[in-house]
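The following block contains the structure, expressed as structure tokens.
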Amino acid sequence: MRKTFLWLSAVFMLVPLYVLTVNAFKGQQEILADPFGLAGLTLEPLARALTNPQFNVVKGYAITLLFVVAVNVLSVVLAAPAAYVIARSPKRRFRVLMLFFLAGTFIPGQVLVIPVVYVLKTLGLMGTIRGFVLFETTLTLPFSIFLYAGYIATIPAVLDQAAAVDGAGRLRTFWQIVFPLMRPAVATMVILNTFSVWNDFVNPQIILGPGSGLYTVTTGVYAAVSQYATDYTVVFPTLLLAIAPLLVFFVFMQRHIISGLTAGATKG
Amino acid sequence: MRSPRPSLFPLWPALGSLLLLTGCGGGGFAGDSQARQDENGQVTVRMLVNISPNLTQAYWDGLVKPFEQANPGIDVKIEAPTGKGVADTLPQQLAAGNAPDVVETLMADETLAKQMLDLTDQPWAKDTPLAEQAKLGGRIYTVGVGVQAQSLVFYNKTAFDKAGIELPPTTFDEFDAAMGKLRTAGYLPLQTGGDFLTGLQLLQLTNPSRAQTHPTWQQDVKAGTIKAGESMLPHLERYRTWIDKGYVDKNALGMKYADAETAFLSGKSGMYVMGSWFTATEAKADKDFEVGVFPAPVDEGQQHPGPQGATLAAPYMILKSTPNKDAALKLVQWLVTDPAAVKSQLAQDGNFRTGVERDFTPLEKEVQAILDAAPAGVPQGEGYGDASLPKGFNSAWNTEVQGLYVGKSPKDVAEGVDRWLAGRS
Amino acid sequence: MTLTREAPVVAAPPAARTRPRRDGLANALMVAPATVLYTVMLIVPVGLAFYLSLTDWDGFSANPAFVGAGNYADLLDDPELRRAAAVTLLIAAAGTAGLNLLGLGFALLVNGASRANTFFRIVLFYPHVLSALVVGFLWSAILGTSGAVNNLVTSWGGEVLPFLSDPEWATVTMIAVLVWAGFGVNVVLYLAGLQAVPHSLIEAARIDGATRWQVFRNVTLPALGPSVTVNIVLSLVTLLKTYDLVVSLTAGGPAGQTQTVAYLILWNSFHDARLGFGSAQSVILMLVTAALAFVVTRLRRRGELAVHQ
């Protein structure tokens, strides 16, 4: 019973992926006539999607990857030390600071993007990689600090004190002693942030805009697909190109991704 | 908090690190305030354009290539909208302080005109199509390549034969009768769709009739002497009967614009209301029937054909903020006056311009004849120039008209339109 | 543990007297970058949104006029916003229920290490890897009036199913797709929570003759309390800002019936060039999200306390 139900659910989950994959290799007539069938497979639509001047898949991937790496590095470098101070210091001002950050977890990013346009414009960062990375990093800070602080609280403080006795400064104590122990929490945040940066649509759409010539996988897909919504020989291959590498990566890394998500989440 | 230590959050090191992160290098939009020129004196003109199945990025790149070759100092950069369209993207870019130099597809209204370069004194501007009608407060801000005929009904000749319709309908009563026959013959009488198509088609179809009952509709609505929704109520009521009788597909809202086109071209439906640019799509399509076209019908007792819905094809504006005014002017002048550029744009999107001969498809010949026979051209919906309604009217109209499909009464729809307008004035 | 308590007693090294000051500086150095960035990019924009909401700015003209609470007054009798608010709340409520029921249900079904369970976890989770934008385009190609399913249905002689053309159907379709794409995350989070349920308790209850349902109701569920709270708050906060899927699945249609508040904010701000009005909507959405998250956390905490007593 349980097994049958699970298998049926699995089929339901996978059907859209099947439709997407199969139809990426068919002509418009074949897709319309039999969307689930395997007749008349061809590589031509995929080849056309690969060479679409409006959406260079490789470029989209490169830019998105750059964003993902930059946001993750910056987020860890900024959030982890702040969380350490907040978790370790008994002073009231740091508890207040925690609440200050926590408030940010309830602010929807979409709501911010309009006023952020003016902040970035004032700083001369609109339409730049730096501006986008800084804003995306900011969006990751509240939850990262929350999670890290919770995790650090489970690391015995005696470790820092021992280091302090040995004469290590606060910064060195953190990066050399405490930070290496935070790996599960950092892994969780990196996974979460990777998904949110990778899949973000509205922020790159508005902050990068058409003037910068920069596009991510999502904004590129939007440009390539939205005007041709029913030319399925454009839609399916483009979507397939947009997701295939990421899916392959996910399947190979799933153990680390899923356990990484759980490890940090349980303790935090 | 009365701590002896300096301050709660010493900002200097932090500011320093932030500056370090952000400080290096220039902004993303190189040189917003001064001319974008590199050492060789090369100037880049950025042009935001409409992208559609007819007008692809590749088409635009190819279009401006001859201009770039003739003007080695100017590099034209085509920008595709990142939002839903140009109407969405330009305000975003303006807000971001990153406006392009030239924008295609939009027409000046009171909000936009303040941002646009006044072209009235350009000697070539007044000879462009509809230049007079598109004036705003007596000034020219928008120049176009040609005219789009809006109020056209394309029809499947095979379907008309099978249904026994000998002459295309000229009045709405005949139109209704024709739809009845088409339905009996097994066709979907009128192809409609969701997306922005629903409202657009009703505007297109009713222009000739509305222009005779309310010759200055947009101005009257703006002045408050008539109400937009109320004045369109008879048309809304008629549309509603088409839904009830199955003359249009009750699930049409689930079809996007391109869906509807495909459905008509696959021969499933009898008629399709669309602007002249459809001829360009038709020319490329594989199909086993002939497509004909007739001007939109009018009410009993009105003149037929009535005034044709006419909009500017490929309208261009130059932004006042452009650091490359001369290059932008040169480009726009070339786009709307160079014979080869004009011809290419007309052919690519199925548009027309008096005095420009090009290779017409048979269907385009018919459209040209309709344009020649029309007594006048009228602005449609949101309109242009002095005859323009608040920004966003067409989308609001579209949303309301779609309400007819989901059970709203024509009266509610009309009131919804008027409420929207009342909120914007 | 004992070590921790003893640590402060250890005789302070000679350098200790200068330590607090140096630590204070180090502390400041460690929190400042995050705090500054957060303030500049998040707090300032929130303040700016509030300020803009009091003006009639179009987003680019030089001098926006101050209109006080005018935009908020307009919000109250804006039928579009009222409709969008209702749709958004419906999506949030029904979506949260769906995500959590399926999330918890499937977590119980695939709990435990086996190859099959690993496979099922991957399959349930994978849509989260695709962006909402891709998910929307994909499902609209499958469920549209001329999409894959309807092609099949009509070729079998059936009537077209109005997945995206009827307002009620379209709303349900949207919620279903949101749940389809998102509940894998809840499965993973609930699985994490299940690891924390003491095994001994479950066995003890079994030995006492409790049925499966009784074990779940009286042992597993109370132990999962914190997970449930986290899951509900996360789902709510995520669903209240639904935007990408609206763009790609329905484009707000039919007849504007699936426009969410987030969609309307951006539409008003840019397409209609009414940035002040859009900002007022943003402020409201922010307040509602924060209030809902707060209330849910509060209610749940009370519930958890009640269970523990």
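Letters A, B and C mark the chains as written, and numbering starts fresh at 1 in each.
Throughout what follows, a residue touches a chain if its C-beta (ideal position, glycine included) is under 8 Å from a C-beta of that chain, and two chains touch if they have at least 3 such contacts.
Chain-to-protein mapping (UniProt): B = Extracellular solute-binding protein.
As the structure is a computational prediction, the values presented were derived from the model and not from experiment.
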{"item": "Most distant chain from chain A by Cα centroid", "value": "B"}
{"item": "Of B-C and A-C, pair with higher C-beta contact tally", "value": "A-C"}
{"item": "Euclidean distance of C-alpha centroids - chain B vs chain C, Å", "value": "37"}
{"item": "Chain centre separation in whole Å, for chain C relative to chain A (CA means)", "value": "15"}
{"item": "Junction residues of chain C, two or more chains touched", "value": "29, 31, 33, 35, 37, 40, 144, 146, 247, 269, 275"}
{"item": "For chain B, residues contacting two or more additional chains", "value": "83-84, 89, 92, 95, 255-256, 259, 262"}
{"item": "Shared-contact residues (touching 2 or more other chains) in chain A", "value": "114, 118, 123, 134, 206, 222, 226, 229-230"}
{"item": "Residues of chain B that touch chain A when the two form their complex", "value": "1, 8, 21-22, 25-29, 46, 48, 51-53, 56-58, 61, 79-84, 89, 92-93, 95-98, 100, 255-259, 262"}
{"item": "Complex contact set, residues of chain C against chain A", "value": "3-4, 7, 10, 13, 15, 19, 22-23, 26-27, 29-31, 33-35, 37-38, 40-42, 44-46, 48-49, 52, 106, 109-110, 116, 118-134, 137-142, 144, 146-149, 151-152, 155, 180, 188-189, 191-193, 195-196, 230, 237, 240-241, 243-244, 247-248, 262, 265-266, 269, 275, 278-279, 282, 285-286, 289-290, 293-294"}
{"item": "Touch list for chain A against partner chain C, complex", "value": "2-3, 5-6, 9-10, 13-14, 16-17, 19-20, 23, 31-33, 35-36, 77-79, 81-82, 84-86, 89, 94, 97, 100-101, 103-116, 118-119, 123, 134-135, 137-139, 141-142, 145, 156-158, 161, 164-165, 167, 169-171, 174, 195, 198-202, 206, 217-218, 221-222, 225-226, 229-230, 232, 235-236, 239, 242-243, 246-247, 250-251, 254-255, 258, 261-263, 265-266"}
{"item": "Residues on chain A engaged by chain B in the complex (per definition of touch)", "value": "53-54, 74, 93, 114, 117-118, 120-121, 123-131, 134, 205-206, 208-212, 215, 219, 222-223, 226-231"}
{"item": "Touch list for chain B against partner chain C, complex", "value": "5, 9-11, 13-15, 17-18, 83-84, 87-89, 91-92, 94-95, 111, 114-115, 194-195, 249-256, 259, 262-263, 391-392, 395, 399-400, 402-403, 405-406, 408, 416, 419, 423"}
